[in-house]
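Consider the two complexes below, in which chain A is the common component and chain B and chain C are the respective partners.
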Partner chain A sequence: MKILVCIKQVPDMESKFKIDERGTWYAKTDLAWRMNEYDEYAVEQAVQLKEQVKEGDITVLCIGSDQVKETMKKALAMGCDRGAHILDEDVSTKEPYMIAGVIAEYARDKGFDLIFTGMQSQDRGSGQVGLLVGEMLGISGVSTVVEFSYADGMVEAKRELEGGVKACLKVATPVVITCQLGLNTPRYPTLPNIMKAKKKELLTTNIAELLKVDARQETLKMYFPEKKGGGQVLEGDAADLADQLIKILKDKTGVLA
Partner chain B sequence: MEYTREIYWNVGHGAWTLVPMYLLAIFAIGLLVKGFYGRVKIYQQGQPLVRDDQRLRRLVMMLQNVLLQKKVSRVIWPGLLHGLFFWGFGLLFIGTTLIVIQADFTDLLFDVKFLTGTFYKLFSIVLDIAGLVCMIMLGGLLVRRYFYAPEGLETKNDDAIMHSLLFGILITGFLIEGARMAVTELGTPLAPWSPVGLLVANAIVGMGEGGLLALHKVTWWFHLLLVMAFFILIPLTKFRHILTTSANYFFTDLGPKGKLVTLNLEDEDAESFGVSKIGEMTWKDIFDTDACTLCMRCQDRCPAFATGKPLSPMKVINQLGEVAFDAPDSVLVDTIGKDVLWACTTCRACQEICPAAIEHVNKIIDLRRSMVLMEGEFPGEEVMAAMEATEVNGNPLGVGYAERGDWITDLGIKTLAEDTEVEILFFVGCYGSFDKRNIAVAKSFVKLCQAADVKIGILGKEEKCCGEPMRKMGNEYLYQTLANENIETFKSYGVQKIVTACPHCFNTLKKDYQDLGFEAEVMTYTVFLEELLKSGRLRINAQDLSCTYHDSCYLGRHNDIYEAPRKLIEAAGGKLVEMEKNRAEAFCCSAGGGRILAEENIGERINIRRVQMAAETGADVLVSNCPFCLTMFEDGVKGAELEGTLKPKDIAEILAERIQ
Partner chain C sequence: MIFEHTEEQSLLREMVREFAEKEVLPSARERDENEYFDRALMFDRLAELGLTGIVFPEKYGGAGADYISYAIAVEELSRVCASTGVTLSAHLSLGSNPVYLFGNEQQKEKFLIPLALGEKMGAFGLTETSAGSDAGGTKTTAVRDGDGWRVNGSKIFITNAGEADTYIVFARTDKQAEKHHGISAFIIEKGSPGFSFGKKEQKMGIRSSPTMEIVFENCIIPAENLLGEEGQGFKVAMKTLDGGRIGIAAQALGIAQGALDAAVSYAKERKQFDKPICSFQGVQFQLADMATQIEAARLLIYNAGYRASRGLGYSQQSAMAKLMASETAMKVTTQAVQILGGYGYTRDFPVERMMRDAKITEIYEGTSEVQRLVIGSSLTR
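Entry: the complex of A and B
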């Protein structure tokens, strides 16, 4: 069984974000980087599937600068077999259609039975790439999967829809699965696997060789929401709190007038 | 009259006595040696470890603990009973040896008798009293074990065998003496020199000479048989502690105290990391299990055990022993249980009190290492999340790393990146950097340094978690990654002196980082501030404060720093009321051993127990010296509904409020 897992390196969401000079993306200074949370579910599901069917080969694909190799190593340590690094120094300027195009181009002649990826990225959050890849390859795509099982070429999956509604479906491979929170608990890599990961194949291809589609959308502007009001946490003992509250009610509202 | 007695009186000194006696002795000693030989084979299943360097120092330590009963006597009543019994039995052993030396060597070969005259009188009374003391102490121990046993004391067949045998030896000894005296010594001036023997003699003298002679002979041989049985039983029963526990003092870890073995993670040939099978422990770890006497002192002091968690350090040691002897292929984590191993706070209370010098903590860490490094297992998802957060942001709280130095804004200090000309580097730690309550402590320390005109700097966003909680949880890989990054940063700035306000950082930087090539001076803020006070650089206005003080495990037991913090409190005007469990006996706050990262789901909350102990002193303030303790106490006073009555504060805060 051949499996492809597409992952993205994203900033840790606890980081202090600033808008970059172009005003269309966040600045890359002072950020800590990690694997997109939803892609971790994808990696875990791929590894679990391989463990279930007992044979298989998992390729993990990631687009970005050399820095993304660190995140790829984690996927390799979790159990992926080889890495496909698509080198792009300016990946944040590629919109989802282009990213999907690159992945589809890479996967086209490789005969993957299953393609796993996150249902969206934590930074851009378009939620498009997985399904676009399926479309471009002409295979099925199932999004926001929270339960997954596989037997004899058939996938059974449960999707999470709006308002707590779930949808169960059965689909034949090859298929693209995009993974949602709740699908599984990603494993913590063991030390021997971290060591082995250092020696696994990790081949780099330049994005130019795979980028065959044109952009269909353009990011015009990125900005922080304007500050309108906000919460205020009062501190102190009860008497002090009461005084503070009365002052606020007097100053800012008419309830005590 | 010559003060002496005929050795081998009534039993004869011919071949009919000596040959069977020495054959029996050789047989018994042979079995003893064979018994231990078998046990040595079991110890040898373990990995090599050097514990016979610095032999003189080790020998002195062993003699102090064996002859002076130093560790045993720390728990007063059972310690006293054991100690007096030991000394009494020791004297009896020496006395018997002297008899053998005179009768079968010096007298036999050279006609030299030394058990005569005044020396004999002294010999006689000393042995007589020693025997009496042994009887009383053994009686006391028997009453303690069988009638007033402390809760949880495990009594086995071994204990019954040992009590019977020792009583048997003592009673038959006095009977032999009494029978001999009834026939030969009654009414002579020598008789009062054996008061107990005299008492026995008077009691049995009515039997008549014939009966006494027969009684003496039979009892003599029976006594001899019991003594031989004693030798044979040493390796087979808990009597073995006479040799194993004594030897364990010699094999003691010479320090630095509590320092864990740094795993070689680059070892390409290593198939496993940590310990999953007994053969992966060291021989000393297995030997430890044979030195345990089930005295329960560790269990009595274990904060996890005291609050209903499944961990008993004593049980862990004995399970390891059972595996080593009976089922060496067992998977240790399964035998002992994961919840047991995760419950340890590495507070070291067990190890500190152990009268047999057993090392508990490193074994538990070794087993955790196997769970984490080989299986990717943690006590809960929250711990795994904290590990991942640390991998990404260098702190287990998950805050963005770039904000690490934000707390110094407007304090008038800089990061080393901005200014390397500093007297000390303040290694702030994760809680001091990110946790609101502990930022207040870090700020207090900065204020104190500024008041004493000490120029300090911090690393800010270049500082990473020291790796201590991760290491104690078993994640040696993450610890080494963090440590190496920190060390590289220290070296890049040529850091000479580091002060920390966290005992966990302090212990780790000072001891653990040594193995990774870091050598700068590391100090805890308590000692550093105390020196500033002493030298007059820091001046404090004493102001009354009713308080109690909590010795953190890593400043206290792990580093033996008990007095500097107390001196600081005194200088601040603190009226210190000690909790019952203080200094080396202090009760952990619950957050050591990486437990700061974990939920406490089993049993009662340890931190609530500790703040209740503090509240019992009637003090207004609970002074601590550790961000983990402070966090736990802030939480504990809420849980124990003591908010308003008991205020947890760090020592630096107390001092900063009193700067002149």
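Entry: the complex of A and C
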């Protein structure tokens, strides 16, 4: 079984973000970097699937500067077999259609049975890339997956929809799966596996060799929302406070009718 | 000299920090209050993550990583729970490393591999009522008895005691020899006839780490459990403690970093005179001093770790690292309590625990005074 996992390196979400000089993305200085959380579920599911079927080869793919190799090493330490690094010093300027185009170009003719990726990235959050890859390759795509099982070339998946509704479906491979919170608990990369990861194959390809599509959208502006006023502090004794709170909940929310 | 982490070291720090925050931190306060050692969490999980044999070669069950990686792991654990940090440090530096450094192949096969894999836990018994900083004052004896040795005496303040499976124990084998020359090192297994545990210490800090007396009453051990050569025990102890200092320095560093993180976070939130207290220069200067001392200690530790991993002499450097880190931990945690004020003095915030935990780092595995002796004698010999 051949499996592809597509991951992205994103800033730690507890970082203090600033808008960059172009005004269309965040500045990359003074940030700590890590694997996109949803992609960790993707890596974990791929490794669990390989453990289940007891044979297989997992390629982890990541687009970005040399800095992303550290995040790729984590995926290799978690159990991926080889790395495909697509070198791009300015990946933040590539919109989702271009990213999907690069991944599809890489995956075409390689015969992947399954492609796992996060349902969205924590920084751009478009949620488009996984399904676009499926579309470009002409294979099925299932998004926001919270349960996954595989047997005899068929995937059964549970999807999470709005309002807590779930949908179960069955789909034949090859298929793209985008992974949602709750699918699994990603394993820690153990120290011996971290040490072994440095011996695994990690090949770099320049993005120019794989980028065959043009941008379809452009980010015009990125900005912080205006600061709103602080919270409202209620004063008085307990009975007064309760009355005031009930009035607010009635007037300003739908919590109390 | 510039220290830049390798990718492996960065990944290790990320992994241990995530594990420490998600799994070790939630029970740290409760374990401290109840003086409870949770072996499944504080040792078995470390084994699963491959941390119990960090610095040993793969053929002996280790991860084949370096001493800087070891320091990173102990630091990150100690940042949230100093008891978990010292459990690893005592197991690895004191309970396992002597077997790696001085053991023969059979001893490495039998004892080091299960220790490195974390199937067994290690401990180290040097201190006695009359022998602490002065290891030459060892009164515990070992005399030949048939094919083996008969050990009598007791050791106090033994970290991991009761829980550990093997103990590196120092005993006098030649009463006629000069103080330091008549001591030998032995590997003694829990369950050996005549080996028992005395009282469990009730401590000021690192309360979730067990500290007990170990007692030998006509304890019979096989001849092959002599570690290194007969009479070489003082050398075994001193070489072991060189490495141990890196572990305790890293523990102190982690405690200090945890206290600084708590102080910075509190200073940003706490408002007095309508401003967060971090906006006052008096508080900023304190935080600046704390961070600077921590960074200096960190670089001394990495320097000692760098030298240890490359087979360079590091006795003086590890003494400097331990002295600096432990005194920094005491200062920084005391300042952190001060910055948190009344809240810092309560058990609702972790800094009082960190302050209690920090004190022992100035005492065990060589007091600050002994570190100064080591450094001073290397300057003047």
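By our rule, the second predicted complex is superposed on the first by the 231 of 257 C-alpha atoms of A that agree within 3 Å, B and C clash if a C-alpha of one lies under 4 Å from a C-alpha of the other, contacts with A are read in each partner's own complex, and residues count from 1 in each chain.
Everything below uses one rule, namely that contacts are C-beta pairs under 8 Å (C-beta built on N, C-alpha and C of every residue); 3 or more make two chains touch, one makes a residue touch a chain.
Please read these numbers as outputs of a predicted model, since none were measured by experiment.
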Fit or clash between chain C and chain B when superposed on chain A: clash
Partner chain in contact with A:16 - chain B first, chain C second, else both or neither: first
Contacts of A:146 with chain B and chain C, given as first, second, both or neither: neither
First (chain B), second (chain C), both or neither touched by A:87: neither
First, second, both or neither for A:202, with chain B first and chain C second: neither
Touching partner for A:171 - first (chain B), second (chain C), both, neither: neither
Chain B versus chain C as contact partner of A:73, first or second or both or neither: second
Which of chain B and chain C A:181 touches, first, second, both or neither: neither
Touched partner set for A:34, first chain B, second chain C, both or neither: both
First (chain B), second (chain C), both or neither touched by A:213: neither
Chain C clash site on chain B (candidates 19-27, 55-63 or 145-153): 55-63
Set intersection of chain A contacts, chain C complex versus chain B complex: 34, 188-192, 194-195
Touching residues (chain side chain B, partner chain A) in the complex: 265, 268, 271-273, 372-378, 381, 384, 387-388, 391-394, 398-403, 461, 476-477
Complex interface listing, chain A residues touching chain B: 12, 14-16, 30-34, 185, 187-192, 194-195
Contact footprint of chain C on chain A as seen in their complex: 34, 69-70, 73-74, 77, 188-195, 197-198
Touching residues (chain side chain C, partner chain A) in the complex: 7-8, 10-12, 14-15, 18-19, 48-51, 54, 58, 63-65, 69, 73
